């Protein structure tokens, strides 16, 4: 069978990482095509539920990225986000969600090369981990016939 | 049909279990987890627990699963194509070890699901199910089957009713239905002839606490009573009572779609939830918990008898046991009985 | 039912070279709700844009997805095009097929597949888009300037000259600030007052400027364009209209031995006083703490001598309420009181003084009329030692930062000393000489080379007195930390510049943030140096960090331009991409339960409490309410709200949810 | 506890409070909430080691609030809940009079919530040994073992929401689980629906849970769901030095420190 191509969803802020990824493009730096970006105003907007939804719908990996500390366009959105991530990661790990599949990163508007590197290293890592079957099993699409207690 | 009473040796139960399995029956029996007993598909006899007054959850989950897919659909520009419910997915089931009150509940639940249009899915699950009930030789302060027309040795709703004759004694098996006969026929040599057909003396003693007919008569004039508020102040509005109840039938229909594909799912709901009756307009006809509590009691003891001529309560006492705030239905029914209007 | 139009751009060959644009268009055409899907060579070109416009007109599109370059590049272009065709601009979204796809991946199916996914995501998003209208906020075209130092003066004049009203509030009896205390100014050595006082007068006479001296901000509410400020005018015990500033009262006042703040304690003043001769306004105030009448209940000499009967002993503080559209903070800084350095014996030895005190000694208008005489006995010091970084760059003292102005004014002080005291010897102990700035380095070289100031690289460990001389024990690190002992007649400490006392409280009053040193924080360290994180409040001068005069003035003019820009329109127009709290019919009103955790999460203090009342005014429910004037649309509150009662327009729950769904499912 | 009865009686007679929320004898050796409105009801009040239900759940309940000022028999966990609720503007002094019960089962009167706050701040929120052991045990497992553990433990959950109803902090009128545009959390109680409901619950209680175990005690299926909250409590200690309910309203998750750890961000 063909090599496993991980599906990776990326949640990024508009002002730093999205712009950084634009710079990767204008600099014509090539990287793996597995990642799809969804744009947010700020990492502070990124709802933890979205990460779970991504896994529900079959993502094998997730990248969450925004402005470096003190560079937030909104001064502190990324600080709030960071504190939530700290706790959310702990919770996921405790429940047994494979946190190696969630890559958190700061990529500034000037770090086009870093973005390419974040994507490539994540893709490689997820490729090694393989498809996230544990979560896919639980997500069961289509819904299985019955669930008894 | 006339009841065929047989003797089944205590140690034959395991053999019977194995024979049923060999005949590819899925056997749902009381299994314990974290000290709570529920009906689960049991692979071996040893997993089955017997030493209990009542299971935490009723057996309704088997004919009326908490979550049940009723169809799959797929959208496209041309329209929607539906893959209807697959009746072949229903296994041949034996419910092993339920109490007579639960067996009686099966009928009451059926009355709701079939009160006008028949609920095909519920009915066909039931038609693939054989009910092995075990009479009660003990009861606790929450039990009140005798107050709602049942009793510890009640045969209603069972295909075969087993009554253990004394501690560690053998069982008297009352084969009550065609289905029962058919299943018994798979292991004829385990169902022995017996002269001793007396079971009453082995049954638990459950004193009658109230007359359910009198209660429903009273409820007709009780809607506006202060009692509802007084009784339900401590109710926190969870769904525990409804979900452990063998006769609560409320459900919700949910579509779970993912892109163009999706499934329609039936899942449990409860009239105790504050959003149960919330309208899009913001209006909620049952705004406060007392109204929801009233609905629960009225539905079981007034509306159902009135419309379906069955009661919505089997006296199993589960709701009282499960309630986190000690809303004891028996206590409340007695207090309703005692108020004079 | 949505009618979505999809427009795939080749961007010449920038996209089509690696992405099969035609295929992307075909696939998109198959999606539910997509009624129009085409690809074209240059979507941003006129013919490209007219493709979009005509499709909107002909097919009555309810949403548009343009798959081209980065939205950061052309989103405004295409939204404008949609608007021109009568479609609400916020019903147009862009898929980034160039920067995020064609430019970063090789030609092939995988790249085209990604392009298809990106388009699908935006198609599903745009289905959930709603028409939005830009937000309009009225603007009160009056600026409030806090602080009447050079920064406050400059910003007030610039704003006033731009034709807008200014209210300038100064807490001292006169404007002028620290600059008015200075003798000469580096690097030109022109007299500080000579260049400052004309500006002070201009302020006082400017028709657009209302000046409140001896006054402070009491409270502030409101938001950009619409602030309400209460100002406390402290009682001067004087009817300013009647006072002619003849000065008779100040000469007759019997209480004459009060150390003068203006002269840094090196001279005295009376109880009723004008801080300095060129003060603006040049009218006295009574210092009630030291006035005999207020202490003993009798005296009233000033009242008796006053020719215009302007003295008002019973006058009370007055609170004036003003409405302003913008605020400039120019409250300046102060210097570390040198009692902070026991090792240097300040206070103990009268001839150990601060840089600011030296300024007064060197000033022609100072207590010594510009002669350098030492405070103890008025002798002219033959040997003088300057110590830089007194507190600054000293983490042990809690001031790790560089005060920035000291290197230059020490060079100036030493130079002035050399000019005034011929044959005098001056020494400077320094850590580094930081002389970045136009003509600065040259200035320092002049001090060293032309005026013969001795620079010693090293710290002073201790100063003590020995038979009338100050013994300065230091080391010369350029000579292998060789100990240097100097017998000085006078020592000047370049004490660290620090935030004003109470700057923290002021910041809290104004809801602006401040750094760990209590200097006010700019909104962005590089790109928003004069903005604060509260819209409509700006910074000028040393209240943000120690600054010299040219920097303060530049910053002041910068802030003035921001204010003038804000005032150039009657209404503030802002992108509607802001947070909103949901509202529902009674009796629910909203799913918000009013826990107000969002209030502490909001970086802009944009969330307020809203009370839902019945006709008779009883509060039925208290909800969060987002102030559209303040919200910047970061969405931190949205992700934070437990009940999902706050949503952010343009990135709503429904929109981002559909994006995730669309990305990972078949449609 | 005659003192308690006496005090409650006085409060009701004097009209200082309109209702006293306390404990009474229930059925089958259980205790339960009592809402004493008449002075004579006070006689029914009891307090002993069985009285572990968190009564603070009731002070945000409309039918009870409407009776007027409430007196509440409050052990330390209940007091903590009250302060947390006050910091979230759900209750204020004029609504409530706290009749405190000290760890030594002594009655303790409080002038106002500020006094209650000062009092509870002497006690740290400490996870009991049994659960701590459980946390350690789980901590030693591999992630996939933990995953199996939780999927299996949560399987019985039929979403009766007793955990939510019993939690004083779950006072929202519309819980996110009931939010359906979009439907963030699947309604059915299948594996995914259960998993995400319990994750959401844990997240929403992070920095707010005061470790009273009401949720676990309420669960009719004995799911150890409070372990999730306890883990968050532990992590809050590890990363942010823990928290205490506080009227200042400096909530753990709505604030931040510029130097919060970020060794996982790269």
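In this document, chain identifiers A, B, C and D correspond to the written order of the chains, with residue numbering beginning at 1 in each.
The rule is simple: a contact is a pair of C-beta atoms (placed from the backbone, for glycine too) under 8 Å apart; a residue touches a chain by one contact, two chains touch by 3 or more.
Predicted model, so just to flag it, every value in this text is computed and none were measured.
Shared contact partners of chain A and chain D, listed by label: B, C.
Using mean Cα coordinates as chain centres, the one most removed from chain C is B.
Of the two interfaces, A-C and C-D, the higher number of touching C-beta pairs belongs to A-C. With centres set at the average Cα position, the gap from chain A to chain C is 36 Å.
Centroids of chain C and chain D (each the mean of its C-alpha atoms) stand 44 Å apart.
Between the CA-based centres of chain B and chain D the separation comes to 32 Å, rounded to the whole angstrom. Between chain B and chain C, the centres computed from C-alpha atoms are 70 Å apart. Among the residues of chain C, those touching two or more other chains are numbered 588, 601, 640, 653, 657, 661, 665. Shared interface positions of chain B, defined as residues touching 2 or more other chains, are 38, 57, 66-67, 256, 258, 261, 265. Chain D has residues 156, 158, 173-174, 184, 188-190, 221, 253-255 in contact with two or more other chains.
Contact residues on chain D toward chain C in their complex (touch as defined above): 88-90, 171-176, 179, 181-182, 184, 204, 249-251, 253-255. Note for the complex: chain B touches chain D at residues 33-36, 38, 56-57, 66-67, 140-142, 229, 233-234, 236-240, 242-244, 252, 254, 256, 265, 267-268, 270, 273-275, 288-290, 320, 322, 324-326, 328, 331. Those residues of chain C that touch chain D in the shared complex are 588, 591, 593-598, 600-601, 622, 640, 642-644, 653-654, 657-658.
Note for the complex: chain A touches chain B at residues 57, 141-149. Chain A makes touch with chain D in their complex at residues 48-49, 52-53, 56, 69-70, 76, 79-80, 82-99, 104-106, 134, 138-140, 143-144, 147, 149.
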